[in-house]
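Each of the next two complexes has subunit A plus one other chain: subunit B in the first, subunit C in the second.
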Partner chain A sequence: MKHCRHELVLAGAWLALAAGISLVNPAFLSLANLFDLLKAGVVTGILALAVLIVLVSGGIDISFTAIAAFAMYASCRVLVAAGSTDGAVAGMLLATAIGAGLGMVNALFIGALRLPTLIVTLGTAGLFRGCLLAFVGTGIINNLPAGLIRLSRWQLFRQTSAGGETIGLSAAVLALAAVAVGVAVLLQRTVTGRSIHALGGSAGAAERIGIRTVRLQCFIYTVVGALAGLAGILHAITMRNANPFDLVGAELTVIAAVVLGGADVFGGRGTVTGTLLGVFLLVTLNNSLILLGVPTYWQRVWIGAIILISVAVSARNRRAAASPREEAPAIGTPSQ
Partner chain B sequence: MPWRPSATLRLLVLCILLATAMTLLNPGRFLTARNLASMGFQFPELGLFALAVSLSLITGGIDLSVVSTANLAGILAALVLTRMIPDTAGSGQVLGWVLAAGGLALIIGAGGGLVNGLLITRLGVTPILATLGTMQLYLGLALVITRGPAVSGCPELFLKLGAGTLLGIPVPLLVFAIAALGVAAVLGNTVFGLELHLIGTSEKAARFAGVPVDRAIVRTYVLSGLIASLAGLLMVARTNSAKADYGASYLLQAVLVAVLGGVDPRGGSGTVRGVVLALLSLQFVSSGFSLLRWNQFTKEAAWGGLLLLVITAPALLRLSSRRRPSTDSRG
Partner chain C sequence: MAVRPSTPAPGDGLPGPSETGFIAIRDAVKSFGAVRALDGVSLGFAPGQIRCLAGENGCGKSTLIKVLSGVLRPDAGRITIDGVPYQRLRPLQAIRLGIQVIYQDFALFPNLSVAENLALPGLIEARRFQLRPAALRPAAEAALARLGVRLDPERRVGELSVAHQQLVAIARALRQQARLLILDEPTTALTHHEVQSLFATLRDLRCQGVSVLLVTHKTREVLAIADAITVMRNGRIVAQGSGADFDADALASALTGSEVGRTLPAPAPIPAPAAEPRLETGGLCSGAAVRDASLRLAPGEILGLAGLLGAGRTALASALFGLRRIDSGEVRIDGAPVAIEAPGDAIQAGLAYVPEDRLSEGLFLPRSIEHNLAVASLSARRPRRATLDRRGMRRLADDAVAAFGIRTPSVLPPVHTLSGGNQQKVLLARWLATDARVLILNRPTAGVDIGAREDIHARMRRLAAGGLSVLLISDELPELVALAHRVAVMHRGRIAGELAGDAVTEAALAAWLDRLA
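Our next item is the complex of A and B:
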């Protein structure tokens, strides 16, 4: 029930922000701008949904941006080296597969060897990024296969405005929608999803009720890797080039968006709707301060302030819910 | 936890092995006074960040705002040093301004830490989220102050802090050594140090045992901010420039050093000597690789690989000796 309320608060916050921005600058409500916002949220959105699965399972992943960058760059290099003329489907499949493969490396350490998720993904993040830049390449690939370029131009609801400008919704949004539905079904409607929640609630209890936690964690980190790979290739498609230095460094911002969306960093809780709202709140904030005439160097202050307000409010709510029987919620220890 | 008793020894062996390997791979170049001195200038900044992060990790929290705090403190110090000192100032006056700038940086560091501590204890925000927010906030404030470009042109006297030597020892190394000894003394020999370990092991138990948990946590983050601001001063003094987004990669590296050094990210344990050994190991790798003229990114891969290696070895032993259900999968 509390989730419902949190999502309403987020939606309300977004609407208030949108109303505020459009009062100052009506251009915000133009179709072109709204389409741009949606497009800007695709890659972050898919990464955030991947992070959501990990957070719900009680883990944390630092390596997903390194996986995304690796999958993006390696698949583009392979396609270019193979002289691929189309490469649309092949590129998506290859990047997703590479992502899944790297995710399995995480899965091996976390699931099979039972090592803490933060440490493992901290190590693999360095390993993946180092290997990518040292052995795969550092140059930006600008001559992407024609199929990927065609995908980047594929738009929905294309129309020509009075000024002669063509606007449309990037088809990449379809990928985000598909992933969102997929993750929502996985988390809410499948036995696996319920097991992921149980694992995040209490790993020990999950094991005792018969959930095969090792297998489950292997599944989780492989899926997260695959999603990161898909996000990576979509990034290349959106940018129309493959830059191996992109994406890495955004991991904490993506985690912040998921947390803003109401997911619990200690596991067991989090929803797809909340995550998407969190992502679009941050994306709107990021992209619209310019429309408001706010100098760009103020952006970080606002983002920091919003994250702090959001986490402080949810901490207060949790405190209120936990009292009076419980002491103040434990800091740094898993509290349910 | 099960592998903690021998962790320092294992790190020491690793450190010696790496030093030996790098000496053999770079005959006559690795083990030279010049290379050792250059290492002495390189690792203190990362070392200070690792110390700062270790403190919060031991309490079971984490401080993600250390690099932002360092840059904010460094920028304000650099502004004092570049804008306030009159051209006619004598050397005594310059020394006064340098001390004032350093003091200001430390106050900013402590203040940043205080905000973190209050967010965590008064508002009950989880450390990782509180410091994720302040990381953005401090970075944002630094950007607002500088509007983006770097602040440079500090007086010579201040630059000695980053590039000078004292009795042949690099000044940054001295700063780091003092900080490391200080943190080791605090952790090992004070009531406060004991409280940190208790809180990290079980906050609830610590509370019931009468440990002033909130006060100890606030102090931890203030100390973390102070150490971070020292690192900020070193960065400005070494590069003669202060920038809002400088050294962003230090953050995860600092966590990596701390964890490699045996600090348990779930709280309760960690030693300064482990952190120092981990730091030296990584510095040997990066120095050796660069002497070999290997691609700079192989270093990053090796650091990640080393972390995985160090945590995997005992896990494999544990798996083979005794299988039991783990109760916590979290990092």
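Our next item is the complex of A and C:
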């Protein structure tokens, strides 16, 4: 299968990158650094899986970072205002619910009013962000509820290194793992998921075989919102504060990771494994460039280039697949 | 070869509207604005019968399909299925009751496997949640076996040939217990052999008790396969009967409503041989599709280009018009070599190309008729001025509409509001407005109704008589025989040979193509 090949290429690229960096800086392959990379990939990873669902359905969402920031900041404000002492579970649920709610706003315009996804989410991105800063607040919340702080300290495989340093894997990766499994099952093993593929493959045909496309799109954008909300609160947990100016601007990286992972920007194709590999490759690239002392604005250049190249490649593949029938060398008689 | 079915249609041997049968529509009326698309149509479908619905574009047959499949709600009338009357059907309800339409685009999912394409509708209807890819395989194999097709169910549908995609679409319809299978112009994109194989499949389904409604404008196919024939015109059924009741002339006159002696008149006289060919190619190569193609086209000559699918005809036309790279070889116009690297070069050299797929390659569907008519002339003449000559455009458009008899109230509506035949006329008129000297036509009458087709043919003949050279790519042998002075046969990128004058006959061409296949 083509997908497997693409994923092997990505894995190979990551290994080559890792080998190159560890030559320059052997600390790269230390457990502590790898754990850090995984942790850094959690928020991008969850957002990328959300974007994967939209891309497979043939749409695009660029409001997800605005939703994530809104859900993160608003839920933390609410928890603090309510004087919550724990807030771990409540925070997660609240952020996810707020995200889902904002996703429904996208769903309303896209599904019910049948407007183009790019323009709608461009508009709602501005709307959500503006409302967040205008009505919810602009100040950084540093005194997160104790429950969220406790979550941020929760680590797996905790051990103390020879130098007396404790290292561990942030438990946030559990959330990424759960979302990854969930999205993979949804996309591959459920009728809803295959309907999302079908919608991305041919929207007209989807309608004709009885897929309720409006309802399906509402589902998609609501789920994307919910996942963005979850990613938002995990971001706050990782950073141990809630900054309303965070996350926005990350959409380029996230979309780049998904298309790098082999998702077709024109819809109908994409895998969870590929997406995770794409995320991990980009996170490693970003972090190691910092380690190597490359200025961070170069990251924008890589990411822009990655998006353009990936889109060009998938457009070319698509054109090759749909090559005019007379392009082919003379075909014999079709099977009798 | 196609064999006329000898078994009479059960329950329907007599002319005249019949509305008995397990699915029947009665007195259906549907209006769009002032236009009555369906004006009291009654029709019954019997199991194990192949009924052909013929009619020109705009006669109401698409509306009838849409009403039967629940896409449109009729203004009046009712549909009776197994004795139960319905005011209207909803799309899913129609499917559940066994009415399935195979549209020209098949409505398949190119990115999903054959097995998934076959299973998805059923799973959705059953409101199933889980889907195990492995479990879909046996059912898919069974569904394909019913049609006698061998295909790997794991293959992605987008990788299949058009004919196989069509079979997948039919298999999918049958899996959903289709009892009335409606095929909308199913042979448009098929080769001769694929058409024969499709017809064999349909006859097989007839034996299995499926009722088939074949919507087509190709009279030969109607006569080849129909147990029963229904002809529509202006929203009404104007003729009906068993397959044996019609011959080609009777069908053609029922379709157009006028006496048509022959579907295609005899070819025009051969022009006097000119000293210099208008268009000459020598050893033209383009990729793997065109290999050493040489042809000559005299002024006022119509050269037919026949061949199997994949012979390289479209590639040759694209190369001549600058849409494909010419790797080597020479193109001469009136003796002078021309370098064609882009369509602009070709237009400057006096070439015009009307592509096969007018919808996706030819027309700007949402734009006005006027813009569509004027657009090629704008770039061809390259006026020094940067602004458009609006009055000139309007004049050009009005003249073209009048000259080509394009049926429209004005030049302002978007071109997609026109019927297929009128769209093709717009495309022809657009290119003739560029003062082209060589016109390349790629299957110009595919999907065009008889009336418009005759119009187009007559116009081509007149244009050729006026000195225009025409390169006519066509799969329709009668069209080639009627129009072309010579017919070249292309095979595997080369011109395999040609027939000229009296040697151009349907039988000779068919024999040649069969030898190549």
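Criterion: the second predicted complex is superposed on the first by the 289 of 336 C-alpha atoms of A that agree within 3 Å, B and C clash if a C-alpha of one lies under 4 Å from a C-alpha of the other, contacts with A are read in each partner's own complex, and residues count from 1 in each chain.
Keep in mind that, in the parts below, contacts are C-beta pairs under 8 Å (C-beta built on N, C-alpha and C of every residue); 3 or more make two chains touch, one makes a residue touch a chain.
Predicted model, so just to flag it, every value in this text is computed and none were measured.
Applying the stated contact rule after C-alpha superposition, one finds that A:Gly204 touches each of subunit B and subunit C.
Contacts of A:Ile290 after superposition: neither subunit B nor subunit C is touched. Of the two partner chains placed around the shared chain by superposition, subunit B is the only one that A:Leu308 touches, whereas subunit C remains out of contact. In the superposition on chain A, contact of A:Ile119 is made with subunit B only, not with subunit C.
Using the contact criterion defined above for the overlaid structures, shared-chain residue A:Arg194 touches subunit C, although it does not reach subunit B. Set against each other, subunit B and subunit C differ in how many residues of subunit A they touch, and the higher count belongs to B. When the two structures are aligned on the shared chain, A:Leu23 is found in touch with neither subunit B nor subunit C. In the superposition on chain A, A:Arg300 contacts subunit B only, with no contact to subunit C. Once the two complexes are laid over each other on the shared chain, residue contacts for A:Leu15 go to neither subunit B nor subunit C.
When both complexes are overlaid on chain A, the residue A:Gly268 reaches subunit C alone and has no touch with subunit B. Applying the stated touch rule to the two superposed structures, the overlap between the subunit B and subunit C interfaces on subunit A comprises residues 204, 208, 267, 327-331, 333-334. Partner subunit A is touched in their complex by these residues of subunit B: 59-61, 64, 119-121, 123-130, 132-141, 143-144, 147-148, 199-200, 202-204, 207, 213, 217, 248, 252, 255-256, 259, 265-267, 294-295, 297-308, 311-312, 315-316, 319, 325-331. Listed in rising order, the residues of subunit A touching subunit B in the complex are 57-60, 62, 109-110, 113-134, 138, 199, 203-204, 207-208, 213, 217, 249, 252, 255-256, 259, 265-267, 295, 297-305, 307-308, 311-312, 315-316, 318-319, 327-334. Interface residues of subunit C facing subunit A in the complex, by the touch rule stated above, are 91-92, 95, 103, 105-112, 116, 120-121, 123-125, 128-133, 150, 158-159, 161-164, 191, 193-194, 197, 287-289, 308-315, 491-493, 517.
The part of subunit A that touches subunit C in the complex is made up of residues 188-195, 197-198, 200-202, 204-206, 208-211, 264, 267-269, 321-322, 324-331, 333-336.
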